[in-house]
Each structure stands twice: as C-alpha cells, then as structure tokens.
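You will see subunit A twice below: alongside subunit B first, and alongside subunit C after that.
For the complex of A and B:
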C-alpha cells in the first residue's frame, strides 16, 4: 500500500492543514486568553502577568521569567487520562516555553513573571502545536511586547507520503515505512525554528523536505493569527 | 481584598442589594449550559453562571465492585482549583478548599443516587461500570460548588454508554445509543451570610465578605447533601429558610438542564 497513491484518510492534500478556528479574550479573569481548534484538537490557554515572581528566589534580574503549564483534560482522550501532571505534560510545558520565549521582549520585564496555562480539552494529535498557537495568542492578548506570533504545526511522513498536520489516525499508521511525526514552531519575522521534535524514522532528504512543508504551514497559520487580532480591534 | 470594598459590599447587603448586578438576594446569575465540549468523552458539558465557567466530562471503564455492594457500579467525581481560572490559585497538589469542593460535589451526586447504580452492574460480584466525572474550572467568578455540581450533572445527562466487544471489553472511542441510567437530578444551591442577610449564588467578592456558607443539594423532593462552610454560623430559622428556598431555585435551574441533549 502506498499513501502517495491512495491519498490521506480525510481526503486532504499532502500540504493541506485541518480547518483552524481561533478566538481570543475568552476568559475574563486572565490577563490574556485564547481558544484554538485545529481539526478535532482543542486547546484553551490563559496568561497571568507580568506579576511578582513567586517564590522570590526564582526571580531573574535581567529578564522576564516565563512558566508554561500543559494539562491534558482527563476526558480529552478516548482512554481516560489521569488528572494532574505527568512526565509528558511537564516536558511539554518546557517545550512550549522554549517555543514562545524567543518571540517575547523578555528584557523589558525584569524581575517579573508570566504564567501560561494550557488546557487540552479535546485531543486528536498535534496538541502541543495547538497549545503553542493558543499560548502565543494569549500572550499577545495580554498585551505583552512581542516580536511576532509563534505559529506551530506538525509535519511528517505517513509511509511514503510527506505531509502536513497529521491526525491521530495518521500517526498510528504502521504500514510500510510507518508514520513519523515532526512538530515545528517557526517565527516568520526572525526566520527561526523554536520547536523541533521528531518521533519515527526518516531520511535526511525527506526530513528537510518535511521541515520546509512545516514552515509553509506555519506561515499559513501565522496569517490566521494576525487576522484574529485585526478582526478583534476592527469591531471595537 | 481591601477593607473599603468589603465595607461597600456589606453596606449593599444591608440594603438587600448585590455586588455587581441588580439581582435580588434569592436570584441566580444567568445560567448557560453547552453540551459536547469534548467529543472523546462519554458525555461533557460547559456551564457558565455569570462569569464563572466550568467544564465537566464523563469517562467510563469496567472494574470490580466493592465487596459490600457487589451489585452496584461506582461513581467518582473530582476536580481541582485549576490555576488558569483565578490569579490567586497556584499549581500544585490540591489544598483544603479544593478537596472540600471536590468532595461536596461528589457527595451530592453519589449520595443522591443520581445514577441508577444497580443498572451499572454487568456481572454481580465481578464486573461493574466505573464512572469518572472530572470537572475543570476555567474562570472563577464565585460559587464554584454550584457551577461544578451543575456541570457534572449536565455531563452525566449527556453521557452515552461505551460499546463493548464480544469478550466484554470497552471499545475505545465508540458508543451505543444507550444513555447512562438516571434516577434523579440533584442540584447544589449555595447560600452565604453577610451580616444578617442571606443571599444565593455569591460572586467571589461576596464570598470573601461572607461569614458563613451553606450548600443544599436537593433533588425533586428530598435533600441529598448539606455542607456548612466558613467560620460563622446559621440559626435554625435561617437553615429552614435556605432549605425552602433551595427547592424553588432548583426548579428554575432544572429547566435549563432539560434543554440539553
């Protein structure tokens, strides 16, 4: 079986994203908040700050301290996830922070912190990418000075087909060469990749091609992120 | 919270007025219920009471019954004070108030036998359904007990039974048309006491001014759970008034729940 010939399960083209929906300012208590839906994956992010660092000894003298928390809601997956932090969610909190930090003018907020909380309400692969988009939108909604938005998307390979934005069903493919999943975050104005992970097997040539596709996907999402804010302030 | 704000709210209460809106002492804020917030859950719902937003979801699995109830399924209802919902909530293990919230909501649903536990028995003494109801607070604007209780009940009402394969194991991600068997609809109603005034559905500033709190969980005709909170107390007459009022208030909320599928 070749996925190049048969195409994808949901009939998308190789370089086609799932439908994306975004909204900002959804949680009144948060300084900034956002909801992002990519296909069947839903992420809600909320930001508090800049505020005093707790505990005080964690304070950074020359820049903003960013803390990110990723949480998979227990009923977001078909098999119930145990509530509370897991090793996976702690790692993802860290990679989300590392993905968005470059986009923020951290030197403008010394001795203070922001906390970003992301809840994955519904998961169908690509939850860390949806989380990064939501986190970046929420930070922007909080009015924190930024260089740019941080779009993120997974690219990868299903058997012999290099494609964009894999679903859970596609990630679980074991035929032929199996599935490879490469989540990417890319800041267009800086031309920098701030998230890059890989899970599977892939040749160097295919990897470079996949990353290029991922960057193209990020640019598409970046445009949508800009439009959300344009639309928000137009209506006001 | 500053003493000025506190005095202001206390003065308002003395005049039978509320903090941020024109509602009366016995009036709830606007209640909105939206179902199906997570398609991977057996059932799920999002409830807003004013600016308070809570979502709840139901997951089910097969387990063994407790030895003292061999013919009954189990239900566990839990949640935490998520740090996303309030600038004062911190990440970490749940503290006293989070555990109280979780247990009050759990008692209301379990003790009232909202769900027909005997129908959740598959093989007596061996196999029963376990129901997990988890709630997540997205925005805290007061009265979390009622919001979490309502969200949990709404999620349970929308829940479908998972599909079983030929060997009797759960098929993940597939459901039958059968709903979780319901017996009654318990609704928690929370009152707080500010000076000598008693008001329902407090917002978070009113909660901070209150000396005492009383949560009455009632279904159609009976009372299923009570919890008194805060350091102050209620007179017998005040408790009686709260009980009578809670049945009236419940009727209005049940109307909103009836609308969801």
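For the complex of A and C:
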C-alpha cells in the first residue's frame, strides 16, 4: 500500500495543517496565558513573572531564568496518563525551554525568572509543538520582550509520503517504511531552527524535504500567532 | 532610505517591522537589527522625533528612575527598610532618605518609623545596572500612607487610571469622597469609608478590563453619578 496514492486518513493534502485555533489572556490569575488547539491536540499555557528567583542560589546574575513545566492531564489520552512528573515531561519541559529561550531578550531581565506551565488537555500527536506555540503566545501575553514568536509543527513521513502535522493515527502506521515524526520549531525573523527531533527512519534527501515543508508550516502558524493578538485588541 | 512603515497607535506584535533607516532609535519595547527597527512586545506604536517606542498592553511592572510608587515594607535592618514595589527586585529605603526630620535609632526601634506591612508612597531615585533600587521620601507629598486599603491595577493601565494630568483620579476622588494614591507600579492606595472604597475598587476593575476603549473618563463619570442618586 502506498500513501502517496491513497492519501491521508483524514483526507488532508500532504502539506496541509490541521485546523488551528488560538486564544490568549484566558487565565486571569497568571501574568500571561494562551490556549492552542491543533486538530484534537489542546495545550494551555500560563506564565508567571518576571519575579524573584526562589531558591536564591538558582538566580542568574546576567540573565533571565526560564523554567518550563510540561504536563499531560490524566484524561488527555485514551488510556489514563499517570499524573505527576515523568521522564518524558521533564524532557519536554527542557525542549520547550530551549525552543522559546532563543526568542526572548533574556539579558533584559537579570536576577529574575519566569515560569511557564503547559498543560496538555487533549493529546493527538504534536503535543510538544502545540505546547511551544502556547508557551510562546503566553510569554508574549505576559509582556516579556522577545524577538519574535516561536511557531512549531511536526513534519514527517508516512510510509512513502512526506507530509506535515501528523496525527496519532498516522504516527502509528507500520506499513512499508513506517512513520517518521520530526517536530520543528522555527523563528522566522531569525531564520533559526530551535527544535529538531526525529523519531523513525528517513533518508537524508527526504529529511531535507521534510524540514522545508516543516518551515513552511511554521510560517503559516506564525501568521496565525500574530493575528490572534491583533484580533484580541481590535474587536473590543 | 529612511521610512516609517507603521502609523502611530497601530497594534504590533513581537518581530513586527516598524521602521527602516539609520536615523531611528529603538527605545522601550523595540529593538534594532541592522538598520531596521522591530517591535519586541505586544503593544501600541508611539513614534516621536525618530524615537520609536512600543507601549506594552500587559505584563508586570518594570521599574524606571523617577517613578512614583506605592510600596509595602517587608523587611528592615539597622539602616534600611526593604520595600515590595511589585517587581522582581527589592527596593531599599535608607534612613537618610526616609524623612526630612532626624531619625533617632538610639531612642527608637526601626519599627517606630516604618513597621512591617506599612504602606509608603515613594519615588525611585536610584536604579543601577544590577537592579539595585533606591527610594526616597524626601519630597513633598511622599509619605507613609495610613488608614487605607490597597488595590491593584495592571501596571500598563496606570496611565488610564490617572487620565490626562490626573483628571480621572481627581474625578473619582471628588465623586466618591476618597483619597487615592496611584503608584506607577500598579499599587493603588484608597482611603475613605467602606462603601466608597468598594465603589473605587469596582471602578478600578472596570478600567483594568476596558482600558483600550476611548472615552473611558466619561463612562466612569456617568457610572459614579448614577451610584450617587441611588
């Protein structure tokens, strides 16, 4: 069976994103917040700060300390997710931090910190990408100075078809060459990739093509991220 | 080629190009890359004589020199009081800056002058690179605030609460018969009887939520007039 011929499960084109919904300023108790829905994946992010660093010895003398926490809510997956931190959530916290840190003017906030909490309410693949988008929007909503937004999207390969924004169903394909998942975060104004992971098998030529597709997807999402703030302040 | 690409009062997001040319200076809320000036926050563009600023629409207080702030005394040592002014850095108030009168620490304890939890209206006179903040009370109208309650407003919305040259605050004070001190840090101190204070707090929350609507002073005035007739 060739996915090039049959197309994708949900009838999308190879370079088509799932429907994306975004909103900002949804949580009144934190400094900045955002909700991002990509297909069935839903991420909610809240940011506190800049505020005093606790414990004091963790303080950085010359720049902002960023702490990121990623968490899957128990009911976010079909089988119950065990609550609390796990090996995976610690890794993803770091991945999110590294992805958004490059966009923030960290040197403008010495001896202080921000804390970014991302909750995945519903997971259907691409949760780290949705988390990065939500984190980036929430940081901007918190009024922290940054160079640009950080959009993120997964690209990859289902059997022989190079495509964008894989769902869980597509990730679980084992026919032929199987599925490959490559999450990418990309800062358009800096032309800089801040996240690139790979799970699966892919040839060098296909990888380059997939990354190009991923960057195109990121630029599309970047436009939506800009619009969400404009819409918020113009409709009122 | 020097060119401003966006008008004043446009809403911009981080990374949005505002102007292109060597002659422009990127001030608060914007940054330079090559000859181009980009926004670094979500906010409103403000261009004046080639100085480009973006006024933030949300976020925490960022202390500036010469700001007037309302603060809470949180700690003290033998010659300093430490004051919470709503930012990541503690502000210090030295004995020499605390009063125009002589402060006699031999006769009295430090708490005799300012105790834990006391609210003061002070001015920032020192702000170093390493974010050391120094306050003063040695100016007219700067003092310890006694007998009122504290409220908060988002720091970027303080100018709306003040109005042009304090017109909004003056109006609210007159209509509700209260005394109000607004700090640039978003702490608001209100003194009056309980009902009036409650009314002021409601008004502050309205301003907080509808700060980007024009004609807000008129709306608040109508609201307070209605409340008076009831």
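Definition applied: the second predicted complex is superposed on the first by the 235 of 236 C-alpha atoms of A that agree within 3 Å, B and C clash if a C-alpha of one lies under 4 Å from a C-alpha of the other, contacts with A are read in each partner's own complex, and residues count from 1 in each chain.
Quick note on the criterion: a residue touches a chain if its C-beta (ideal position, glycine included) is under 8 Å from a C-beta of that chain, and two chains touch if they have at least 3 such contacts.
No experiment lies behind these values; they were computed from the predicted model shown.
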{"item": "Partner chain in contact with A:121 - subunit B first, subunit C second, else both or neither", "value": "first"}
{"item": "Partner chain(s) touched by A:230 [first = subunit B, second = subunit C, both, neither]", "value": "second"}
{"item": "First (subunit B), second (subunit C), both or neither touched by A:52", "value": "second"}
{"item": "Subunit B versus subunit C as contact partner of A:30, first or second or both or neither", "value": "first"}
{"item": "Which of subunit B and subunit C A:147 touches, first, second, both or neither", "value": "second"}
{"item": "Subunit B versus subunit C as contact partner of A:110, first or second or both or neither", "value": "second"}
{"item": "On subunit A, the residue positions that both subunit B and subunit C contact, one per complex", "value": "51"}
{"item": "Of subunit A, residues touching subunit C in the complex", "value": "25, 31-32, 49-53, 61, 103, 105, 109-113, 140-149, 188-189, 225-226, 229-230, 233-234, 236"}
{"item": "Subunit B-facing residues of subunit A, complex", "value": "27-30, 40, 42, 44, 46, 48, 51, 54, 69, 71, 73-80, 83-85, 115, 117, 119, 121-124"}
{"item": "Contact footprint of subunit A on subunit B as seen in their complex", "value": "37-42, 44, 51, 53, 55, 57-59, 61, 78-80, 82-87, 90-91, 132, 134, 136, 138-141, 172-173"}
{"item": "Residues of subunit C defined as touching subunit A within the complex", "value": "11, 13-16, 29, 31, 38, 40-42, 56-60, 87-89, 130-131, 156, 210, 212-213"}
